[in-house]
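Structure first, then comments.
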Amino acid sequence: MNDRDLVEAALFVAGRPLTLIELESIVSIDADVEGIVASLVKEYGEKGALEIVQTDEDMVMQVKSEYADAVRPIAQRDLETPVLRTLAVIAFHQPVTQSKVAEIRGNKAYGHVHELEARKLVESEPHGRTRLLRTTKAFADYFGFETDSLEEIKQSIGQLLH
Amino acid sequence: MTSGGGSDAVNGAAQEDFDERSIDILVSLAKNGEIDPWDIDIVDVTDRFLARVAELEKLDLRVSSRTLLFASMLLRMKSDALEESEPEDLYEEESVEDELQACFPALKSKVRRHAKRRVTLSELIQELKKATKRKEKSDVRRFMQLQVQEFDAVGLAHSEDIEGQVKHMKRELKRRFALRDQVLFSELIVDNTVEAIVETYIPLLFMATRRQIQLEQKELFGDLLITCKDL
Amino acid sequence: MNDRDLVEAALFVAGRPLTLIELESIVSIDADVEGIVASLVKEYGEKGALEIVQTDEDMVMQVKSEYADAVRPIAQRDLETPVLRTLAVIAFHQPVTQSKVAEIRGNKAYGHVHELEARKLVESEPHGRTRLLRTTKAFADYFGFETDSLEEIKQSIGQLLH
């Protein structure tokens, strides 16, 4: 086992940016992690579909941008389809009651709303015996809306729908 | 609330009495610590509820027929629960005394990358389109169901002469069991209407509760297999 | 964009075994995917911490086993502990009915089996009113068993248990 390979393996499995401290925790005590990362950045940059990108704080292994679109359908999404579908319904009908969403999406929607709230993509407030749901600023950021105004988001979605 | 006996089921009070009795059974299960009311396992509750129903032989007939319907609703919920398990179940805490807890770390998986990517806006829109289509379909289905619901199965069970139906069914089954061990529910249906199906099903439910026959459904929505136990 | 890089990018983002058909869906129509995979297997095998492993049906990019333990703490959890435990029960008792597994593991097991089947680690066939479960070749592969014989797997697990 050499330190270069340990850093490579770590960047590969993490699937997210790693800090120097995290990398240092797995290599041998006297390893020059910064030097290793710098040489990996160069090596990956020269050939293949992958790259290692380094910022001040951290470094990440990812697909070079020219290949990203082509392989997107193969990568796993961070929202499961049923949950995503419930989110789409909320975004389009918002502000909308939880019971209305359940009527459209079935009882599983309660679990989905729970997950979407935990992910902070949806927020709710009490509304009679049910709850009123709307998307959050984090939702707008996630999907690249320039605004977090509910009306404008609904309009954009409406336009894209037709 | 008392469980079992004390029947003053006069017409108007019948519905209330039924509700009370069914709930009573559940409450007594909870009191005896047989179910945890805060953590209902529908499969377990159904099994225990049915077992208790079988014990309560002295129930007033009308109440008992409603209780059986209640039990069949529980059974339906049970089959739903068995059919699909909510994803959040996956992440529930486990009890520490699981004997396998210590063993599994010894089985080490290969290390692969499990990163997930973000969803795109166009994927969100695609899902919205699908949700809208599904909704339209289910609205049509609901409309069709409404037509069927005008027939009140519960009312029928309540007002008809159940014991008479049970007797009739017993005769019919004895005749068939004389020749073989098992009979299919579909063979017993003379007329393929909702009314006829319910009229055939309810006496069978009674007989099953009295352990005179056994009802089995090999697959969801499949035919019922009737086996003779003690006719 | 070249086909070798597309295959590499796809294996990287997937994080799971890909079939030839999946790979063919993203490369150019006349690409020799089998040839590309064979040469990637060789190339990765010669250096670095990663490997591409090919079976009859599919191929996967993963960390070479000598680096696996070192980077495991950094890797994102794959199967949740409750699901792993259900898998252990299936592997130890197989072939075993789904109802028996539910009896041991509780009703949550139905959801777990669903996930394990989706991951192709477990397969099932109808068995009366329930289903008979057993582990798959992918299971043997993922957990590094040298054989996919149920008996030998059960024996190995039995040894680990005691």
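For clarity, chains are labelled A, B and C in written order, and residue numbers in each chain start from 1.
In this section, a residue touches a chain if its C-beta (ideal position, glycine included) is under 8 Å from a C-beta of that chain, and two chains touch if they have at least 3 such contacts.
All of these numbers come straight from a predicted model, not from anything done at the bench.
**Q** Name the chain whose C-alpha centroid is farthest from the C-alpha centroid of chain C.
**A** It is B whose centre lies farthest from that of chain C.
**Q** Decide which interface, A-B or B-C, involves more C-beta pairs in contact, and give its chain pair.
**A** The comparison resolves to B-C.
**Q** Could you put a whole-Å number on the gap between the CA centroids of chain A and chain C?
**A** The computed centroid separation for chain A versus chain C comes out at 24 Å.
**Q** Taking each chain's centre as the mean position of its Cα atoms, how many Å separate chain B from chain C?
**A** So the centre of chain B lies 37 Å away from the centre of chain C.
**Q** Rounded to a whole Å, what is the gap between the Cα centroids of chain A and chain B?
**A** Result: the chain centres lie 41 Å from each other.
**Q** Which chain C residues touch at least two other chains?
**A** As it turns out, chain C has residues touching two or more other chains at 12-13, 15-16, 63, 67, 71-72, 75-76.
**Q** Can you pull out the residues of chain B that are in contact with at least two other chains?
**A** 86-87, 111-115, 117
**Q** What part of chain C is in contact with chain B in the complex they form?
**A** Going through chain C, the ones touching chain B are 12-13, 15-16, 60-63, 65, 67-69, 71-72, 75-85, 88-89, 91-92, 106-108, 110-112, 114-115, 128-129, 141-144, 157, 160-161.
**Q** For the complex, give me every residue of chain B touching chain C.
**A** Listed in rising order, the residues are 41, 43, 81-82, 84-87, 89-92, 94, 98, 100-101, 103-104, 106-115, 117, 216-219.
**Q** Sort out for me which residues of chain A touch chain C in the complex.
**A** By the definition above, chain A touches chain C via 1, 5-6, 8-10, 12-16, 18, 22, 26, 48-50, 63-64, 66-68, 70-76.
**Q** Okay, in this complex, where on chain B does chain A touch?
**A** Within the complex, chain B touches chain A at residues 86-88, 111-125, 127-131, 135.
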